[in-house]
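What follows are several structures.
One chain, chain A, appears in both complexes that follow, with chain B as partner in the first and chain C in the second.
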Partner chain A sequence: MKRLLSSVRDGRGFDIVLVAFPLGFLFLMAGLPLLYNVLMSFQEVDMFSLGTFLRPFVGFKNYTDLFAQPETWPILGNTAIFVIGSIAGQFLIGFGLALFFWVNFPGASWLRGLFLVSWVMPGLVVGAIWNWILSGDFGVLNFILKESGIISGNIFWRSDPNYSLYAVIMANVWLGTAFNMILLSVGLASIPGDLYEAAELDGANAWQRFWTITLPMMRSTIGAIIALGLIFTLQQFDLFAAITSGGPNNSSNVTQYWAWDLSFRQYDFAKGATISVIMIVFVMFAAIVYVRSTRHEVRG
Partner chain B sequence: MGIRKYALIGALALAGVSMFGLSAKAEDVKLTVWSLDRDIQPAPHLVADFNKLNNGIQIEYRQIQFDDVVSEAMRAYSTGQAPDIIAIDNPEHALFSSRGAFLDLTDMISKSTVIKPENYFPGPLKSVEWDGKYYGVPKATNTIALYYNKDMFKAKGLDPNKPPQTWDELVEDARKLTDPAANVYGLAFSAKANEEGTFQFLPWAQMGGGSYENINSEGAVKALEVWKTIMDEKLASPDTLTRGQWDSTGTFNSGNAAMAISGPWELDRMSQEAKFDWGVTLLPVPKEGAERSSAMGDFNWAIFASTKHPAEAFKALEYFASQDDKMFKNYGQLPARSDISIPETGHALKDAALKVFLEQLKYAKPRGPHPDWPKISKAIQDAIQAALTGQSSAKDALDQAAEKIKAVLG
Partner chain C sequence: MTKQIELSGVNKYYGAFHALKNIELSIEKGTFVALVGPSGCGKSTLLRSLAGLETISSGDLKIAGELMNNVPPRKRDIAMVFQSYALYPHMTVEQNLTYSLRIRGVPKAEAKKAAEEVAATTGLSQLLGRYPRELSGGQRQRVAMSRAIIRHPKAFLFDEPLSNLDAALRVHMRKEIRALHDRLGATSVYVTHDQIEAMTMADHVVVMKDGVIEQQGAPLELYDRPANKFVAGFIGSPAMNFVPATVGEDGRSLAVDVGEKQTILLDRQLEPGRAVIAGLRPEHLHFVEPGQGVFRLPVGVVETTGSATYITTSTAAEVTIVEISRRAVKTGDIIDVSVRPADVHIFDEKTGLRI
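After this line comes the complex of A and B, so read on.
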């Protein structure tokens, strides 16, 4: 008894308690809902059987039904475009800004802080604002493009199936750039200055220094930020709800919005859960990338 | 010791008194009512007035958000915590009544002196029916008709007292009224991919002789083709595809659309915002003399089957129904009753509009009733959007919708 107690206070027992606590928390708060979601995707769920666990088991029927629907593949494709487009935009602009502020001109840190305003705003507010900017007849964006002579007629960003998805990507890039910039700035700041001094003495020009020092030193930061970006874009819902509602004709529909629409608009909870399971697989992949890239960090 | 004893007795006495007081109050039957009405809408006032009657029934009111009505109600019902009374959107009514979640009120209504089926408009009444029985009472109703800007009609040489009566006239007038240089579209409506799109399209399909069970009938295809003409010729803003009715009619109020299809919920805002002479006319029909139709919106009252006080809950509904005559004056909502004549408001445009809406209500048809309405509606929305974005022809889109609906209907 005494040994057990002392082990808990300082020894193996203590380690086990430390591990068990977060594990238990994770299992309760994330694991159970996740398993419940997987379970639902194999059942026939109806709104009146929502309160029970024991529902008729239908095997892979929800999955086969889902992939028999004509909109499934286009929506998965949209999701891929949305994720890649958003991450690419957020990362490139964010990295550009981070490098820009790294030059450290007077007021740089101040301005960098101000950029976070976009990240602080709730998604629905951002969506409402972009809704006005992107509006077809009286939108600010169309006005600017027209006045500067880039387009001659209005582009209906929200209602033209050729543009609607990119309209949401634009809004999402704006929303996520600041977060990318801050994380990348932190990464840049942690690169030791003497590396650059040494390279300069060896006659490396700015471009060579960027390729051979900055990028390799930032590898783990970049890996983490892309993984986080994948998670953030896969959970981006507010912008779709506020700007296009996935329309017109599903041209800007993505899995996360579709899952909600199926569950809470059409009350087809099983299909909603099925889509979520498919998304979980993608997020798992991102999580693995994230964990691998940050593991590097801890050891470094 | 003595003091402590007295204190104890005193405490016990106090507890007894308060217990007695509580039990006296507990004799009141407690009911709960859920609805989405805010403080400027009828339900909370009806509840407060009812409580003032002090008739041994006390109602507790809870406001729920529009998006949550069905999911909250379902969750509550499946866990045995449903309220006694709920206000539910009419296309969702059948979902609950078909599962036995709502109480069958047929017998109570047949004995009631206040709620009589013959006093209600046929459309709203049909939405509370399931399998020939009444599972609720219509709370209020609305429908859609055509608003038009009389000043613009004059400016374009059209007779402001002759608004379009047929589809062809509507398209023709819209062509004349559309003026891209002045940022004016001929028509504003909503073809959004949600219930609003179905709400706006179904009346057109019904006027063409179609219905949700028969969505690819010739007349319905024609209706969608007319919509496509309007969109293709830019007689309405392309944003019609993603804009709801409230925002679309906003462009009418600001003078950027010459006509708008919407409902009586716009009247208050329009009388304040629209700085021009406007009127309302019945929805145009396919050709002269064709059958009229319109959409039917708004909520119904229903009693959950799980209630412990069905008689008291019905008494509350009777009280709510007895106040129907004040609904338009106080809250701008139309009672679903044909036996009530709504007093004039004194606002000439509004009163004229009201007459048209009451006429239009006679032709209003409910969506469904069917327990899987959201899926049926989704099929119709998909067809509208596929046709209007040019991804398939009106015929193909509606054929596909008909197939999906057939699968739902089984």
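After this line comes the complex of A and C, so read on.
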């Protein structure tokens, strides 16, 4: 007993306690719900069996039923457009801003910090702001587009099925750009300045330096930011709830919003779980890319 | 001899700070020039101005006869070896070497051949496939030099390239760089804060302080006839002893203020009674039999290196003596020391200029 106690205080026992505690926490708070979600996607769940743990096993019936529904493929397509559009927008604008602030003019770091304001705001607030901007009759976006002659009539961004998804993408790009910019700025700052001087003396112009020094040196940062972007956009829920609620007629619905809608509004928990499981596969893929790209960091 | 690099009336300001003051320097093709001076003397600024990494505020900068004041670095055809080596970490040694060729659009096969040739002369043949992080300090140094050599530039610039190496490797690389310079018939400008590096490697040494060239010339010229007290103290190791002195009544002797006033003879005529500073190199002070010397000095600290003994006196103005005879000396002894009149440097007390 005394030996066990001293081992826990200072020895292998202590190490085991240190490992066991976070592992236990993770299993209880993240692992179990995840596994239960997977289990639920293979069960028949209705209002009467909600309270029970073991329900009738139905195999892949939920999956086949899901893909038999007419809205499934369009929603998966919307999700792909949302993810690719958001990541592309956030990354390109974020990288552009990071390069801009890299010039380091007076006040650059201060202004860069100010950009984070958009990122720290709650999604619902961002949604409310964009509701005003996107408003069909008096929104400032329509005003600018009309005044600059790009459109002739008002676009009803949130209620027109052709535009509703892009309305949310715009808001999401605005929300995520600052985070991209900060991570990319950190990546840029970690490139030693003398590499650029050496490349300049070796005859490279600004464009060549960007392609041969900046981009390769940023590879791990870029891999990490795109993987994180995939995770964050697949988590984006608030903006859909605030701006379009997935409508009209599912034209701006995406898997993460649909899963919630099925489970908690239509009480079809099995289908909701099934969509979540499909999303887990994608997120796991992104997580692996993220871990790998941060592990293979290039150091001089 | 053609002038490869010419600087005339070059000034550089950083805001109000005057970093380079009216620099006049001309470097002939094939010479090895060392810029030496204490930190902040402007030697690195001067080198970076040659490279084009800094723009000069006024004056003319010519490379191979062409005015280069506003030419960007990539068009100056100059190669630089950085203190940190600045190797591209994401490229192999071969890619590092061929970078400048690839930028210029040299065909791959040709670039590869050039890299192999250069690697053979610098002993990197076995390492072409490695990344910089897999190399030792000395190997990185060689890659940095090879990257410069492969371009056949108009001039090589070295920015303290040996300061990250250990002492033994530094002495070895010193010879290697000089040998490479001779083999290539290159024009090199080498910045260092180590006067021994400057003296051993260069044909022409430029001593700088506070943005001013204090003196320039062949290494031995600087050693034998330093233009002022600063150069005299900077060149030579251990450093020259400076002691206050007064010219005697006859104008041909010097009353030197070490311990009790002692008199040394001069080989030239000076104004009697003038207050000056006498500069005595430690290696020019020799032990003599008692009564034969010009100095009688009490011994303070004795340091033995084996090849030589460093003796520091316990006088008010400390004097260091380097003695190669192995005569036993210990703290508290009184020694008799002599110096040849020709070896006495005399500087003005106020201006520090050589008299």
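Keep this in mind: the second predicted complex is superposed on the first by the 273 of 300 C-alpha atoms of A that agree within 3 Å, B and C clash if a C-alpha of one lies under 4 Å from a C-alpha of the other, contacts with A are read in each partner's own complex, and residues count from 1 in each chain.
Keep in mind that, in the parts below, contacts are C-beta pairs under 8 Å (C-beta built on N, C-alpha and C of every residue); 3 or more make two chains touch, one makes a residue touch a chain.
No experiment lies behind these values; they were computed from the predicted model shown.
Will chain C clash with chain B on chain A after the two structures are superposed, or do they fit?
Chain B and chain C fit side by side in the superposed model.
May I ask you to decide whether A:118 touches chain B, chain C, both, or neither, giving the answer as first, second, both or neither?
neither
So, does A:192 touch the first partner chain B, the second partner chain C, both, or neither?
second
A:216 in the overlay: touching chain B, chain C, both, or neither? Say first, second, both or neither.
In the superposition, A:216 touches chain C alone.
Return, as a multiple of 10 degrees, the angle whose vertex is the Cα centre of chain A and whose sides reach the Cα centres of chain B and chain C.
150
Per the overlay, which chain contacts more chain A residues, chain B or chain C?
B
Which partner does A:203 reach: the first (chain B), the second (chain C), both, or neither?
Touch partner of A:203: chain C, not chain B.
Give one of first, second, both or neither to describe whether A:135 is in contact with chain B, with chain C, with both, or with none.
Only chain B; A:135 stays clear of chain C.
Pick one for A:47: touches chain B only (first), chain C only (second), both, or neither.
Only chain B is touched by A:47; chain C is not.
Once the two structures sit on chain A together, report how near the CA atoms of chain B get to those of chain C, whole Å.
In the combined three-chain model, chain B comes within 52 Å of chain C at the C-alpha level.
Could you pull out which residues of chain A sit against chain B in one structure and against chain C in the other?
Overlap of chain B and chain C footprints on chain A: empty.
Applying the document's contact rule, which stretches of chain A touch chain B when the two form their complex?
Per the touch definition, chain A meets chain B at residues 47-52, 71, 135-138, 156, 158-161, 164, 244-251, 264-268.
In the complex, go through chain C and note every residue touching chain A.
Contact set of chain C toward chain A: 51-53, 72-74, 76, 78-80, 82, 84, 86-90, 99-100, 103-104, 132-133, 147, 151.
Across the complex, what residues on chain B touch chain A?
Residues of chain B touching chain A: 67, 70-71, 74-75, 77-79, 95, 99, 101, 183, 192-194, 237-243, 251, 256, 374-375, 378, 382, 385-386, 388-389, 391.
Using the touch definition from the top, list the residues of chain A that touch chain C in their complex.
It comes out as residues 192, 194-195, 197-205, 208, 212-213, 216-217, 219, 298-300.
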